[in-house]
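The block underneath contains the structure these notes are about, expressed in structure tokens.
As written, the chains take the letters A, B, C and D, and residue 1 is the first residue of each chain.
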Amino acid sequence: MNELTIEYFALLREQRGQATERLVTAAATPAALYAELQARHGFTLPGDRVRAAINGAFAAADAPLRSGDLVVFIPPVAGG
Amino acid sequence: MNELTIEYFALLREQRGQATERLVTAAATPAALYAELQARHGFTLPGDRVRAAINGAFAAADAPLRSGDLVVFIPPVAGG
Amino acid sequence: MFRISPTPLELPALRAPLADARAGALVTFEGWVRDHNEGQAVQSLEYEAYVPLAEAEGERILAEARARFGLLGAVAVHRVGHLALGDLAVWVGVTAAHRAAAFEACRYIIDEAKARLPIWKKEHYASGTTAWINCATRPGPATAERRG
Amino acid sequence: MFRISPTPLELPALRAPLADARAGALVTFEGWVRDHNEGQAVQSLEYEAYVPLAEAEGERILAEARARFGLLGAVAVHRVGHLALGDLAVWVGVTAAHRAAAFEACRYIIDEAKARLPIWKKEHYASGTTAWINCATRPGPATAERRG
């Protein structure tokens, strides 16, 4: 099990109702973690439209998560 | 014969030693007028590198000159 | 130098670090809050950023531009917070000896910034609704599909 | 609005007429007096213009840009007189709903202005010599062939 800190921004922050949380989870990758959080909190953004950052750097969806990591999910940016 | 006013700028003004002059001439086109002035004043710019303006508008080298016209010869511009 | 700013952008301060006697060209881009988007009347905008990652990625974009276009200087600053119509949301300024490099680099920086920085935009419409741009997944009265 | 100015250009006054709630993008170009050209150390520059024709041709260029790129606003001003290193010689600012049009139009205006306006530039070199740019026809100590 990993003990993680998660920060939320923009639409995810609003749908979560808070900007940060701590979590103990069996999820070993950002993809698995997002699926778990999406099921729990009803996030409308599908996992394939959300990028992940671990400890302040962009990370692959299947990157390994370790206890103590800060995970941020990046909703689509404004673009244009 | 045409009675013309001529204004000089930049290199032509310096080589002529003055910014304006009045002239009575048989030259009937800007090309002929520039050739006459170049011979008299030793302008270093060849006629094909100088554009003409008549009464404030760009004009062809073989445009007709009329008495009372204001003629300006345009040295190459700075570009780049 | 790339920064996220929670306070209004002041043009003289943004330009100051770009003064350089070797520079013949300064090209700047300003993004302003405009009164419409995709046919809807916009009343204001909120910008939110994941600041540490936005600043790190912004510096990377500036470094890419410097290397690629041979710039003399490059500065970019993006506002966050609640902005009114006409407010300056983003400023990019680049200097180079000649203008071609300055134009191309300025365009590169703002295009990459819009595509890569973790900065989100929420539009507040005259109709009273709001939308996070590019985040809607099901059209509806308050979250109509929008592309920025 | 195109103007030739014998006095220093003031940025806030140049920008003021471009304010527009419909505009999402302002792109500006500034031409600065730089300390070198083609390998020679430059100490100052003189600009001279045939003002009525330069202003008429400048307005034509702005009208072309407005028609071609769907701009909201376009302003350009060119200095004349004796300028020091770092001085602002030319300023172009264009607004549009989106940035692509603003970048392309700003570039178009300055490229056309440099090619078409009857404005001449004399460089004063650290060596004590001077040259009217692009006007030399025979290389020599005071009139070496130069292209701007």
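Descriptive notes on the structure:
Just so we're on the same page, contacts are C-beta pairs under 8 Å (C-beta built on N, C-alpha and C of every residue); 3 or more make two chains touch, one makes a residue touch a chain.
All of these numbers come straight from a predicted model, not from anything done at the bench.
The set of chains touching chain B and also touching chain C is given as D.
The distance from the centre of chain A to the centre of chain B, each centre being the mean of the chain's C-alpha atoms, comes to 74 Å. Chain D has its Cα centroid 25 Å from the Cα centroid of chain B.
If each chain is reduced to the centroid of its CA atoms, chain A and chain D end up 50 Å from each other.
Annotation for chain C: no residues touch two or more other chains. Contacts with at least two other chains are made by residues 80 of chain B. Of all possible chain pairs, the ones that touch are A-C, B-D, C-D. The touching residues of chain D, when paired with chain C in their complex, are 11, 19, 21-36, 85-86, 97, 99, 102-103, 106-107, 110.
If you check the complex, the residues on chain D that touch chain B are 48-50, 52-53, 56-57, 114-122, 132-138, 143, 147-148. Against chain C, the residues of chain A that register as touching in their complex are 7, 9-11, 13-14, 44-46, 49, 53, 56-58, 72, 74-80.
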